[in-house]
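We call the chains A, B, C, D and E, going by the order they appear; numbering starts again at 1 in every chain.
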Amino acid sequence: MAKTQIKRGKQKWRNKPGELVYTGDISSEEVQVDVLLYSPETDEISFKKKIEEFKDYSGYRFIDVKGLNNKDEMQRIGAILGLDDLLLEDIMHMGERPRLELQKDYLFLIMKNLYLDKENIRIVQEQLSFVVKDRTIVIFRDSDSEVINYAKEKLKNSKHSLRRFGTDYALYYIMDLLVDNYFLIVSDVEEQIEQIEEAIISGEESMNLEEVYRIRKELLLLRASIWPLEDVIHGMIREEGLIENSTKEYLRDLKGNISQIMDYTSIYRESILGLFDIYLSNTSNKMNSIMQTLTVISIMFIPSTFLAGVYGMNFKEFPELGIKHAYPVFWIINIALMIFMYRYFKNKRWL
Amino acid sequence: MAKTQIKRGKQKWRNKPGELVYTGDISSEEVQVDVLLYSPETDEISFKKKIEEFKDYSGYRFIDVKGLNNKDEMQRIGAILGLDDLLLEDIMHMGERPRLELQKDYLFLIMKNLYLDKENIRIVQEQLSFVVKDRTIVIFRDSDSEVINYAKEKLKNSKHSLRRFGTDYALYYIMDLLVDNYFLIVSDVEEQIEQIEEAIISGEESMNLEEVYRIRKELLLLRASIWPLEDVIHGMIREEGLIENSTKEYLRDLKGNISQIMDYTSIYRESILGLFDIYLSNTSNKMNSIMQTLTVISIMFIPSTFLAGVYGMNFKEFPELGIKHAYPVFWIINIALMIFMYRYFKNKRWL
Amino acid sequence: MAKTQIKRGKQKWRNKPGELVYTGDISSEEVQVDVLLYSPETDEISFKKKIEEFKDYSGYRFIDVKGLNNKDEMQRIGAILGLDDLLLEDIMHMGERPRLELQKDYLFLIMKNLYLDKENIRIVQEQLSFVVKDRTIVIFRDSDSEVINYAKEKLKNSKHSLRRFGTDYALYYIMDLLVDNYFLIVSDVEEQIEQIEEAIISGEESMNLEEVYRIRKELLLLRASIWPLEDVIHGMIREEGLIENSTKEYLRDLKGNISQIMDYTSIYRESILGLFDIYLSNTSNKMNSIMQTLTVISIMFIPSTFLAGVYGMNFKEFPELGIKHAYPVFWIINIALMIFMYRYFKNKRWL
Amino acid sequence: MAKTQIKRGKQKWRNKPGELVYTGDISSEEVQVDVLLYSPETDEISFKKKIEEFKDYSGYRFIDVKGLNNKDEMQRIGAILGLDDLLLEDIMHMGERPRLELQKDYLFLIMKNLYLDKENIRIVQEQLSFVVKDRTIVIFRDSDSEVINYAKEKLKNSKHSLRRFGTDYALYYIMDLLVDNYFLIVSDVEEQIEQIEEAIISGEESMNLEEVYRIRKELLLLRASIWPLEDVIHGMIREEGLIENSTKEYLRDLKGNISQIMDYTSIYRESILGLFDIYLSNTSNKMNSIMQTLTVISIMFIPSTFLAGVYGMNFKEFPELGIKHAYPVFWIINIALMIFMYRYFKNKRWL
Amino acid sequence: MAKTQIKRGKQKWRNKPGELVYTGDISSEEVQVDVLLYSPETDEISFKKKIEEFKDYSGYRFIDVKGLNNKDEMQRIGAILGLDDLLLEDIMHMGERPRLELQKDYLFLIMKNLYLDKENIRIVQEQLSFVVKDRTIVIFRDSDSEVINYAKEKLKNSKHSLRRFGTDYALYYIMDLLVDNYFLIVSDVEEQIEQIEEAIISGEESMNLEEVYRIRKELLLLRASIWPLEDVIHGMIREEGLIENSTKEYLRDLKGNISQIMDYTSIYRESILGLFDIYLSNTSNKMNSIMQTLTVISIMFIPSTFLAGVYGMNFKEFPELGIKHAYPVFWIINIALMIFMYRYFKNKRWL
């Protein structure tokens, strides 16, 4: 069965605040770090595998940390990057809500990647954490992420806009990719609603209630992932120091996309409810018309069956039984009765 | 089948931000430019076909660009007008949400034209983009637009108000035409609701569920197109520099119209839901009364049929069968029974 | 059939902004002007019929313009009063939304008069426009208005509060009369809901669905007319220059009335929905109990009818038929069976 | 029948603003005034019956005016207290909405007392008006009020907190008593919902729809009375001059109570809707199961009744009739058929 | 039966404001005080049992008061801690709403602990009150609280963060534990919804309406407990003086958790309503299909039963009865009729 998960990850309870516990489902404790060093001034880019190596570079530093299930390594990375335990805790806790935290010298962002697992017909949710501080962006994720790989690929291209701007633009760029993914979910929902629409309005097919429920849950999940982003982007636009004005221009554009997705979720929700109303009416109308036709037919035989019973009675003194042509008259009366009733019901639009 | 499209245009994904991709459905790559140069001081107006020619004119410049499916030409036009790639991307992306962007030296506006395609009974949605910068208005559209043609026709009339005011007024003038079109949709919805109302309340006709669904979607589409305009106009009224105070007066008037359309969409939505409630009740009441009448009739024959069966039994010792006039008495008893039951049910209001 | 109109008046489209088109349904082009000149200092009041005559008077000027269907006359009046075309357009357009416009030297207000046309059981909507500028109030209306006539009558009374205060108070006074009319609609709705309540809860009468729908539309219309007034009065209270502080006191009182009507519309809407729920339950319960009783009765005869059929069979070898007193035993068995079933169903509360 | 009144009192229309009309239902024109003079400095309290006597006292003045149905007396009292006609009009109009008015030198408050008339099972609504101005509180009410009597009793006790603080505290004290009364309504609603809950979930009793409707109306009335108080208390806390800081502390506490009642009304409303959903499902499930069982039983007899009819036919050539033991075989076949059908339906869970 | 209590505790009415009345259900009047004195500078911690002993200590003071049902002792404690009667009243009143009060020199907080009583399948609600003033935190509770015991246990550990920070951090730490408990309720609701989901969508099991109602009430209770906390934390973050900046960082994190729980309650509510819609459709579809099949079967026998009755009639002149092979022909006709009807209904998808 298709399943849309709105899970919060493993339960975290009674940890000390700031205690590091990974709550995702990746069991491997391997941590893989990619450091990309680049600068708008030069066409070169260098690749490092040790996180310490970012320190000496005076250009922009793009750090990709894959694998969060290793408390000691996370603490070591945190120490090198200057991140406190409360932050690391949220990075390792897979059930966080999308949110932005602005500090004096860095910015911390949690976002969700949503994509459609076509095989299992369910939405998969991935948590990504970002830290942006002076000339550096660090991305934390617990597994392979198509979106981050794509961004790294683009960064390798010396002509790409990613190479012209700073790490704030890199953050925007990934956010934009994530929101593009939301649009794919929107597209999928739209397609499914159109299919349901055609099925319902043509009246040929019945409504797949399970599918409808799944779409409603997809919309809820989409909404829960998208609506905190309005505050996030608002916060980034007001931020002074870490986000360049040129990047804010892009963020304003992204804000429009987010509003649009919010609009779509409302519209699709209303559409589904509207289709459900039609489906219920259709079902009830169809059922009613069947029951009605059947009942009318059964009614048409009731008087005749009674009459046949009457002439089957064994009274000694029963004059009609001896009347000539009584039997064909019985048929004529009954057929006339049925025709009359048929016409009467037809007239009253019960047939 | 009638169809109201809430489509977002072709899917745009994994483009570089600012990459120009046309997402509409016009395949021709022809770009047609109309430049109208006019000034309140003189009665003259001159028409040019090359976009470069607007530069030398010191009066007002009205530039109409039709056809967006040519990336190179768009880039050339953008360069001449001084528009950056992010703006051109939105202009070429047909699935934008209505919105206003205020920059230091220009204003960018996206709006939707909605009109009713009477033949296919569906709402057609057209995206229009506007750039207003010093003494210049540029309109971008991907196909023929009745509204823009109408405005250009009026501009040719030297006595028209468009000739007395600047390009900010021209923008308002077109916005007003677009909002007028929304009112036509409102009118259409109103008419349809009245027809449904008459059909439902007279009880003569059944509800066309498909039509109801279509109206609900029209209202959703109208709402999605109209409600971002409240922010748009609010932004234009607060703007300083590009919009004249006299034009702001007109915009305030337009804002009233928009609030009114919002009110109507709410009222019509509530009315449809109210009518749907009545329809469901009517259907159920009608069905119930049919079933009830029929069941009562069948009940009236049950005891009599049983009695006829009784007197059809073949017991050797069966005193009643030999009684004189037993047969007519049987009829009298049965007819009395039926009359009694008829009256009883009539009394209990089951008939 | 009763009908509540939520009409927007004739369609206005593709007029030049500021073009004067009357969109009401009064065909006469007569314009009737009443000028009342009065001053708190003196007990005198003078009546003029020409609008020009207000200019020379140094006291308060109350100008009543009846008839809007004459473009030339409206333009002449506008010129004399110093009103621009955009204002005149709104005055002549009968489908405006209630709203306030504050200008440097005048105030413009549109309000709706609602009253109940008892004969046709429908709400009638009248649009009134007001301009208040230095010592002058001008009222525009397209037909005879009971409210304005009443106010003029009061103004003739030298002891009336209208004579003690300025034109801002006169405006408040008329607004108060209009809001009083809204209360009459509220009263009417309340009465009707109480009647429905009694009918539904007593269970004696069925719900008049058409009436319920009409009340719901009345509430929608009332709400649409009343809720923009919160902004209107808020605007008037903040206004500086045209509205005296003493009048603002009255306006604050009026604001309370408007909040109260808003409260009532919510409460009545909820009440109707609640009654509708009960009605649906009642209908369904009543129907169910009928069907249940009838089915139980028919079940009670099924085994007996079968048994009668059995003893009507013509098997050669049929021992029971010859048994002594078999026939009365048949009756005893059947009556016992029926009593048992009756008790069983009674016990199970199916009867 | 139980009845919850949401009445607005007698209709007030076309009165001059500020014209005094009593709209309650007390016909007696007697006005009874109690003046209590007290001071925190002394233990003494003096009681007067004439309103003029408050003037000479330099301590706190608690004035209780009972009876509003005497225009002349009200005007006399108003003149002595320095209240304008607009205020007196609201005091005498029994359909006011709870609200606060802050003037330069006095505070005017309207509140509703709600209590449960256990005998007639309905909520009774009482309007109380308060004026607080320098060292004086005046209470206006049209009939005997338990709450005011209680407060006066307490005031007589020289040890009571009312004697330690000023008239602002006295106002708070009465407001608190009124809000306590709202909690009694909440308690009553809670108890009734619990009873309905038990009845519904046990499935033993049917839902009393009338009672549910009454509770819903009680909640609406409670909500309408309570929610304007949030603004009222907010206004009193911001007020400077009439309300002491120590009293504001108490008011903040009262605000918490009001928020709590708002919360309860939401929760109870949702609970009732949830119970109604269960009730509808239960009703429908019960009905369905009855109909199903009955239909299955009737189906079980249909083939047998047909067969009995077959062997009751009078064909001359009818071999089965002569077969030996045909009659007992008929019974065996029928009983087997019925057992089979019973098992089949049991298997399919239709029984 | 499972039961979720939204009780307000015993009714409090007509107490003097500030009068101390315990409204919980603990009858014992014992008050047990634990004073923990600790300081970040030293590793030591001392335990006292008398509340007076906190005064002399210059480090942090953690005071746990268990048992509120002793007015005199409460007044003594209040006097020692410098708490006024209004505060003590709220502490002893078990039906308070979660809220924060900020005073010049102290902070007062009421929160609810919610936990699941697995045995009785109901949510238990516990009220906790906190006072934080210079270097001191006081916790009031009427019974044993797992959360407070847990926090005290942690405090004894000299390496725990509680020992590094002040009493503001201790307050945050307990708030965090309480919110963790809310997440356990969320988890429980989630699990139950998943079970219902599987049962409903597989169609195997019927919906447990009582359980659904219980979940809806759990969500209401959760919502009522959690949503006032948004204001509480907002207030604490703005507070200046009592809450350290480092603690505010933690509070911001907690705010995110609260928003998340709010999101979950919305999502779960919508999910339940969606599942309920499916359940209703399923029930209705299943019922309809049973009724339909049964009715079709009974229809199939109606004509045959009539025909058998016809050939059981006793007319003297009845030619068919003598026809050769009339009886087997009767069977052939009837079987053919039944096959035809079966195919017809099959074709029309009624079977």
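We take it that a residue touches a chain if its C-beta (ideal position, glycine included) is under 8 Å from a C-beta of that chain, and two chains touch if they have at least 3 such contacts.
Chain labels with UniProt names: A, B, C, D, E = Magnesium transport protein CorA.
Keep in mind it's a predicted model, so treat the numbers as computed, not measured.
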**Request:** Determine the shortest chain-contact distance, in steps, between chain A and chain D.
**Result:** 2
**Asked** Given that chain A is a copy of chain C, what angle of rotation, in degrees and a multiple of 5, matches their CA positions?
**Response** 145
**Asked** Distance-wise, how many Å sit between the C-alpha centres of chain C and chain E, to the nearest whole number?
**Response** 42
**Message:** On a C-alpha centroid basis, what's the spacing between chain A and chain E, in Å?
**Reply:** 26
**Item:** Two or more partner chains touched - positions in chain D
**Value:** 284, 291, 295, 298, 305, 309, 312-314, 318
**Prompt:** Viewed as a graph of touching chains, is the assembly arranged as a line, ring, star, complete set, or other?
**Reply:** ring
**Fill in**
Each chain touches its two neighbours in the ring; listed from chain D on toward chain E, they are D, E, A, B, C
**Item:** Complex contact set, residues of chain A against chain B
**Value:** 150, 154, 160-161, 172-173, 176-177, 180-181, 183-184, 186-187, 190, 197, 201-202, 249-250, 252-253, 256, 259-260, 263-264, 267, 270-271, 274-275, 277-278, 281-282, 284-285, 288, 291-292, 295-296, 298-299, 302-303, 305-306, 309-310, 312-319, 350
**Complete:** In the complex, the residues of chain A that touch chain E are 1, 6-8, 11-14, 16-18, 86, 90, 95-97, 99, 101, 207, 209-210, 212-213, 216-217, 220-221, 224, 228, 276, 279-280, 283-284, 287, 290-291, 294-295, 297-298, 301, 304-305, 308-309, 311-314, 318, 321-322, 324-327, 330
